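Okay, so chain A shows up in both of these, paired with chain B first and chain C after.
Entry: the complex of A and B
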């Protein structure tokens, strides 16, 4: 079996080299048949990678411990779903997943664009080939998942904290996001290589970018939820380098999603867009590098390994290539369209971009600071939570405000008076909300108060947009409210899907502000029958239970929960002792109040021999809005992603014309 | 416009670093001797930990992870102990070195920097 896996990876290596070399030659010399065969090589590379991946999955499912990777990450007693997810429990498997996702994206993107952007695909193929080559080389030569050993009786097992449904899904979504950014990057580079610097590469990859961005967002939320439930320190995001590694490219991609709209609409910001997409892709490579190389110490980091230098080299190649291409095509990328006014939709997008990139780069700077300071001052300095919180407030809060204002500003040139009229309602509602919150005592946290006031502003601005749109449609067509609303959204999926995503970001902001600025915490050692009070709850420690689970001994402390005079039942927190892995993991107790979005969060820090337990209890208001935001986020993305027949037809005619132009012999 | 914004970002950045200083130096046990301020100390746990993190404090010894001349320092720690804390593991704690040589930590500052978190500690070959 291992031979088959290795052989499949060698085939992928050959196919990637072919896609790169033959594809490059074909594009350069204009050889159509060769280009065709290079493209097919790229498609085939997906299937050979799939074979390798299936071999590894089979190895896990069949407990084939002669594969070193399987022996290192699985055991016979492991439940089936975790045997499968152990695939990406380590470095080699994660790299293989990267390659599988990459070749999958490449094959699909190239296949779907083969008609509409034929001359672009010719140049995109070698770019994909090059990226695939980098990863295949790592898998073949440096870090192979198919190393064999004399099979031990049982494997080492999977780390207990990875034995969680979220850890089955989280890495997959994260990789769908990271790697998906390769699609717009490859098309952008293809466009630069081909010399066609119009917005076609953006149109051809719009949905791919959105898919990648959505997946990266979901991946992070799943990771946050995993951290919240499983790591059990009472938070969901710790500004850990590895968490930042996913957030940084997501922020760059968010900026990109916004700025491409200006290029599509006004033909502006071409240089900026290719720069942003290169930044986003290189940052996603950097993120993978951070998690794989062990260069930054992190609670998540993998073993320091041989792939570090290779990976760094790979990133350098990508950065140099992208920079050189942008530099080379700078004359063609320059546009004549100018920003007409600082009060306009374009300008709002621009501010949004600057804030997002500023946030992205300051987080990157903080994450890389231990390395930078090591190199410059000879001592590694770590920046902590205050650094990130500071910049999140400085850049994040204006960004939140802008999210409300931006959609209300007219394109090209807006008058200040018109803008004032447009924001009058939302601003009034926001101020009233702010005043109400101060009266309720939310003034204990100024950033929290500002976040809530801005959130009220954005939410009401979004509602106003929906109401105005529906009313205008009704006035025009005389449709009923639900019909008008449905058609409004259906005919402008991008716009209204975007607003729904904005609403999700607001929910996220409310949840984050609520759970971090207004939470309460208590800690205490309780003997049986003793109580602890926190945030309006009273917890009484009842008993200690112990039972044998499938692969762990589960110890739970059971507490009665009361709030005011109400009996809210019991909550259990404890520890699991995993026998094969010889590890203990904290199992927290969480009681969610679905009406208020508040969580009661109990950690059993220490179980003493005499039966007393040290508890740490958090009350986190509104934290559930963060997870609700995830659902709304997906909904909004789906609306924006949903295929639109009218848009397709419009694009088809537009590019049919463009193709005719490009296929007539060039006379210029 | 863009240049202005970049300048603005830089200004904010300088403002921050001047107000808050910048972060905590990360050192190994052998680099600790000359330190007085707050540092984050990364090392490998050697010997058996004693005491109670939720009582008078947990005492353990950290040793340099790398290098030929490994030095050791005794750490006093209170607060949450991560699941992965154990003899032989790599941990990071934040705190200050007392004149006595004892490293007293900020409560709850321990994170485990565990090589076997995702990867088998040694290849079973």
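Entry: the complex of A and C
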């Protein structure tokens, strides 16, 4: 079976080389059939990669331990869903997942754009071919998932922390996000290579960028929930380099999603947009490099890692290529349109962009600094939480405020008096909220108080936007409120979907501020019958239970929970002892109050031989708003992504002539 | 093991056929040149984008004004230049389309 996997990857390698070389030649020399052939090579590359992926999945499902990768990441006793997710539990499988998602995106993006941007797609094909070639080379020559060994009786099992439902989905979404950023990058580079710097590359990639951005956002939230449930330290984000690796490109992509609107509306920021899209893609490569090269643990493990130097070389090639192309096409990217006023929607988007990029680069610097210092000075200097928290407040709080102001300002220019009138209601509500919070005693954390006040401003600005828009539509059409509301959103999906996403970010900010600035914690060693009080709860340790799970012994300390005079039932926390993996994992107990959004979070730090248990207990106010934000985020993204038939008709009319001409071969 | 080799060979042959398909379907075309947009077509496309941008800006301005996001004074200061831009974009587009039509009738 390994032979088929290896052969499928070799076929993908050949197809990638063909898409790069034949595609480049076809575009350069203007050869129609060769261009179609190169495009077909990209489509076929997806199927050959899919075959390789299915071979690996079959290896896991059939416990084929003659495959070294399967033996290293699975065992007979591993539940089926984790056998499947063990696919991406290690370096080789992760790279194969990267390639599968890349070839899938490339095939779909090129296929859907084949008519409207045919002359552009010709140049996009070799760019996709080049990216696929980089990853296929790693899989074929450096880090193959199809290495074979003399099959052991059983595999080594999967790292217990990866045996979690969130780890089944988290990497898939993360890679859909990381790799999806290759689509706008390939089209932007295709536009620069061909010299066609009109808007077609943006129109062709608008939805792909949004899909990638949404997937990366969902992936991060799933990862945060996994860390919260599985890692067992009481938090959901630790500014760990691997976590930052996903956040950094997401911030760059967020900046791009905003700045691209200025190009669409005003024809401005063309250079900035291709720069941002290149930055987002190169950062997604950097993120994969961070998580897969071993450089995070130490610069020395990077040099020992087989893929590290190759990957770094690949990133350097991507950065140099993108920079050279932007430099070369600067004259065509320059526009005459200028910012008319510092008080305008596009100015607000520009400030938002500067803050997002500043935050992105600050986090990048903090993440890269330990590696840089180790490489230069021989000692790794860890950048701690205070660094990140400081810059999150410095850049994040103004960003939050701008989310409220931006939608209320008109395009081109607005007077200060007009702006003051537009923000009067949200500002009044925000100030009243701030005063109320101080009166309720929430002034103990100044950043938390500011975050809540700004959040109230943004939420009320969003509500005002929906109310004003619906009222204006009703005044014009005489429709009922639900009809006017539905059509308002339906005919401006990107705008109102964007507002819903903003609401999700506000929920996230409230959840983060509440759970980090106003949480309570208690720690204690309890014997049976003893109690611990924290944040209004009283927990009494009742018993220790033990049972055999599918592939682990599950030890749980059960506690009775009371708040005030109310009996709230029991909560269990403990440890799982995995026999095959020879590892022990923390299994936390979480009791969520869906009405208040608060969590009672219990960690059984140590289980003593005498039956006593050392507990650490947190009460985290509003933490569930973070997960609710995820649902609202998906809803907003779906609204923005949903196809708009009117917009499609408008674009079809605009590009009809170009489509018609490119359908027929040239006569010369 | 042989079975896997046969499958691998079938995969390789299948992909070669897919890649060769444009040549197999059209072995002797009258022309194998890609159609490239010429300068006039590119200018037309950019003029269409400019027209759409200007008209969308006007529409959005009206919506902002109706919804109260824009005061009457701000509206009056912006609407004039925007209308002029839209008119200019439409004129440019008309001129380019007329030029393209003339060129096509001459070549046809």
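One rule holds for everything that comes next: the second predicted complex is superposed on the first by the 645 of 668 C-alpha atoms of A that agree within 3 Å, B and C clash if a C-alpha of one lies under 4 Å from a C-alpha of the other, contacts with A are read in each partner's own complex, and residues count from 1 in each chain.
The rule is simple: contacts are C-beta pairs under 8 Å (C-beta built on N, C-alpha and C of every residue); 3 or more make two chains touch, one makes a residue touch a chain.
Bear in mind the structure is a predicted one, so any value in this text is a computation, not a measurement.
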Partner chain(s) touched by A:370 [first = chain B, second = chain C, both, neither]: first
First (chain B), second (chain C), both or neither touched by A:526: neither
Partner chain in contact with A:350 - chain B first, chain C second, else both or neither: first
First (chain B), second (chain C), both or neither touched by A:584: first
Residue contacts with chain A in the superposition, chain B compared against chain C: C
Partner chain in contact with A:384 - chain B first, chain C second, else both or neither: first
Partner chain(s) touched by A:162 [first = chain B, second = chain C, both, neither]: first
Contact residues common to both interfaces of chain A (with chain B and with chain C): none
Touching residues (chain side chain C, partner chain A) in the complex: 1, 4-5, 7-9, 11-12, 14-15, 18-23, 26, 29-37, 41-42, 44-46, 48-50, 52-53, 56-57, 60-61, 63-64, 66-71, 73-74, 77-78, 82
Chain B to chain A touching residues, read off their complex: 1-2, 5, 9, 12-13, 16, 20, 22-27, 31, 40, 42, 52-54, 80-84, 92, 111-120, 123-125
Residues of chain A that touch chain C when the two form their complex: 1, 3-4, 7-8, 11, 14-15, 18, 26-27, 30-37, 40-41, 43-44, 47-48, 51, 118-119, 122, 196, 198-200, 264-267, 408-415, 417-418, 421-422, 465, 468-469, 471-472, 475-476, 650, 654-655, 657-658, 661-662, 664-668
Touching residues (chain side chain A, partner chain B) in the complex: 68, 71-73, 89-91, 149, 152, 156, 159-162, 233, 294, 297-304, 339, 350, 354, 358, 361-362, 369-370, 379-384, 386-387, 390-391, 394, 525, 575, 583-586, 603, 605-606, 614, 616
